[in-house]
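One chain, subunit A, appears in both complexes that follow, with subunit B as partner in the first and subunit C in the second.
Up next, the complex of A and B:
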């Protein structure tokens, strides 16, 4: 069976796409950028030496799972959440919810999603998808990264839901429980933007927000010392492109999607200054896109000497400077 | 980014990009991955070299099968320990060939689950002849070689049925 009237739609990002999908199915007409913006999804964090990662890395969105929590608080919607110790109970509950005709979001390790080509699969415990039905022993999956719905066998879904490790899903699932009768979008948008500005400008942790960008710029020149060889360094440098573009960001490390949110928000709460800022952020995103393309090019050419890494570092410093100015302006506008 | 600048023709990996439309509005566009469209061959080239290098170390006894797979799937020591729920110091020992033999069957089963391989593959590397050369199946499946190798799990956690056939 497939849940009645469930419409699969591709989205830029798995978590914002999943939440949007559940809200749309429940009858709330809201876009993915609006969900992302209200949830203060835009972010930056750099991790130079972290035990969970085999190599320095960075993130461009807020903590996984936080978007749902922020959306609940700010829109007044309610999601019912479940986690499990016992995989059997986890599967029984999921099946029951599907029988009740509820599309149910699940957190999984992306590595076990065997509908994904093997070369794309990595161990990451924070992939979100919607389970939209079950036929025999195969689940019907609405994964925002795929143009059509896909199938996944029960064993693989269980492996993904109950993978251990950093941010392990513990069988986590959620579904829409209740929509409010009215939503104060002005308040929700304002709160979402204020929090995003706080994260980018004022969070007192040296590797997060704009400070994190500068740390990334400073430390990227040290990456060769972590690499096994030139090909490994090339791979990691080219991953900058993946993290900014291919890993579900809507382009330029979510900057294009956040610009879209600001443009929609400007019209929604009649604040034309946000529209101007959305144009500015689109241009800032173009600069991030140049970093993506530059990283891919020098990685491919194995042109990874100190001069090129310094150039990359300067490009990142430049993004930190323009984003600091941008978020200060945004913060002033939304006060 | 303007809509026409963002479009990439690569049906194998589609994604959503937010772009500026002709009317000045920003919105989603379905497109192909720029990176995959332009750099997939380089990625496969590096994966193949990585696998061959690791396999050589595996064969000459400088690394254990656990290390071989840990590097291939890009896991840190801490993350592998967390995922297998085996003490980090013990995982560290199992990375060395001389201590790999002390791993219990239960521990090997946990490693295999994390690497998503049959336990048997911790004791063998499946090579397939492709264009005159033997290559690891792990790499060949990436680029759709002529031979498919399918490991079918059975009711026993230790037994796998490996089916080898020509692709249709």
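Up next, the complex of A and C:
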């Protein structure tokens, strides 16, 4: 059976896309950028030396799972969540929810999703999808990165849901439990923007927000010290492009998606200044895309001397400066 | 002034060849419909080339391919790139 009236839609990002899909199915007409913006999804963090990362890295969104929590708080919706130690119980509960006609989101290790071509599969324990039915012991999956719904056998889904390692899913699933009768979008949008501005401008942690961008700019010239050889360094530098452009970011490290949110928010809460800022952020995103291109190019050509890394560093410093000005303007508008 | 679809496709091929510095490829040998990635077209590209092409299209035609799901579909073939550019140009007029 496939859940009645479930509409599959592609989305830019798996988590915001999954939440949007569940809300839309429940009857709430909301877009993915609106979910992302209200959930204060935009972020920046740089991790130079941390146990959980083998090499310095950065993030461009808030932590996995936080979008759902923020959406619940700000829209007043309720998701029912479950996690499991026992895979058998995990599957039984999922089957029961499907039997009750509830599209159910699941956190999985992307690697086990065998509908994805093998060369694209990597171990990421925080991929989200919607399970929208089950037929002949195969689950019907709505994965935001795919144009159509796909099938996945029960064993692969179980492996994905109960994969071990950092941020292991532990069988985590959730479904929409309750929608409020009314939503105060003005309040939700305002709160979402204020929190994003706080994270970007004022969070007192030196590797997060704009401060994190500047740390990234400062430290990227030291990356050769961490690399085994030129091949390894080129792989890590090219990963900058992947993290900004190719991991469900909607382009330019979520900057384009947040710009779309601001454009939609401008109309919803009658604040035309947000539309102007949306245009500004699109241009800021173009600058991040230049960084993607530059990183991909120097990585591919193994052109990784100190002068090139310094140039990359300067480009990142420049993004920090423009984003600082942008978020200051945004916080003034939303005061 | 809008150019014909055939001219647009030729321009796209030239743009890709110049952008990627592969001037040994003759634009006439590039098939319009065959995949540009992982296929047997005269132009065979990798994922790093993708961002180069996206940026080049953005600069040349003044249109943004923001979302990577869209980007993946758009830069699949010369025909899909030409279709996207034509649609974007007609939407903006």
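In this section, the second predicted complex is superposed on the first by the 335 of 335 C-alpha atoms of A that agree within 3 Å, B and C clash if a C-alpha of one lies under 4 Å from a C-alpha of the other, contacts with A are read in each partner's own complex, and residues count from 1 in each chain.
Convention: a residue touches a chain if its C-beta (ideal position, glycine included) is under 8 Å from a C-beta of that chain, and two chains touch if they have at least 3 such contacts.
Keep in mind it's a predicted model, so treat the numbers as computed, not measured.
*Asks:* What does the overlay on subunit A give for subunit B and subunit C, a clash or a fit?
*Replies:* Aligned on subunit A, subunit C clashes with subunit B.
*Asks:* Answer with first, second, both or neither: which of subunit B and subunit C does A:33 touch in the superposed model?
*Replies:* So A:33 only meets subunit B here.
*Asks:* Per the contact definition in the header, classify A:250: touching subunit B only (first), subunit C only (second), both, or neither.
*Replies:* both
*Asks:* Once chain A of both complexes is superposed, is A:86 in touch with subunit B (first), subunit C (second), both, or neither?
*Replies:* neither
*Asks:* Identify which of subunit B and subunit C touches the larger number of residues of subunit A.
*Replies:* B
*Asks:* Go through the superposed model and pick first if A:12 touches only subunit B, second if only subunit C, both, or neither.
*Replies:* In the superposition, A:12 contacts both subunit B and subunit C.
*Asks:* Kindly classify A:282 by the partners it touches after superposition: subunit B alone (first), subunit C alone (second), both, or neither?
*Replies:* both
*Asks:* Looking at the overlay, does A:290 come into contact with subunit B only (first), subunit C only (second), both, or neither?
*Replies:* After superposing on A, A:290 lies in contact with subunit C but is clear of subunit B.
*Asks:* With the two structures fitted on A, what stretch of subunit B runs into subunit C, 4-12, 112-120 or 148-156?
*Replies:* The overlap with subunit C comes from subunit B residues 4-12.
*Asks:* Under the contact rule defined above, give the subunit A residues that sit at the interface with subunit B and also at the interface with subunit C.
*Replies:* After superposing on chain A, subunit A residues 10-12, 145, 147, 238, 241, 245-246, 248, 250-252, 256-257, 260, 282, 285-286, 289, 293, 296, 299-300 contact both subunit B and subunit C.
*Asks:* So in the complex, the part of subunit A that touches subunit C is made up of which residues?
*Replies:* 10-12, 145, 147, 238, 241, 245-246, 248-252, 256-257, 260, 282, 285-286, 289-290, 292-293, 296-297, 299-300
*Asks:* Provide the residue numbers of subunit B that touch subunit A in the complex, in ascending order.
*Replies:* Its residues touching subunit A are 1, 6, 12-20, 25-28, 30, 33-36, 38-39, 42-44, 46-47, 49-50, 73-79, 82-85, 113-114, 116, 141-142, 153.
*Asks:* Along subunit A, where are the residues that touch subunit B in the complex?
*Replies:* Result: residues 10-12, 32-33, 51-55, 111-112, 117-120, 122-123, 144-147, 155, 159, 163-166, 168, 231-232, 234-235, 238, 241-242, 245-246, 248, 250-252, 256-257, 259-260, 263, 278, 282, 285-286, 289, 293, 296, 299-300 of subunit A touch subunit B.
*Asks:* Within their complex, state which residues of subunit C touch subunit A.
*Replies:* The contact residues of subunit C facing subunit A are 47-48, 51-52, 54-55, 58, 64-69, 71, 73.
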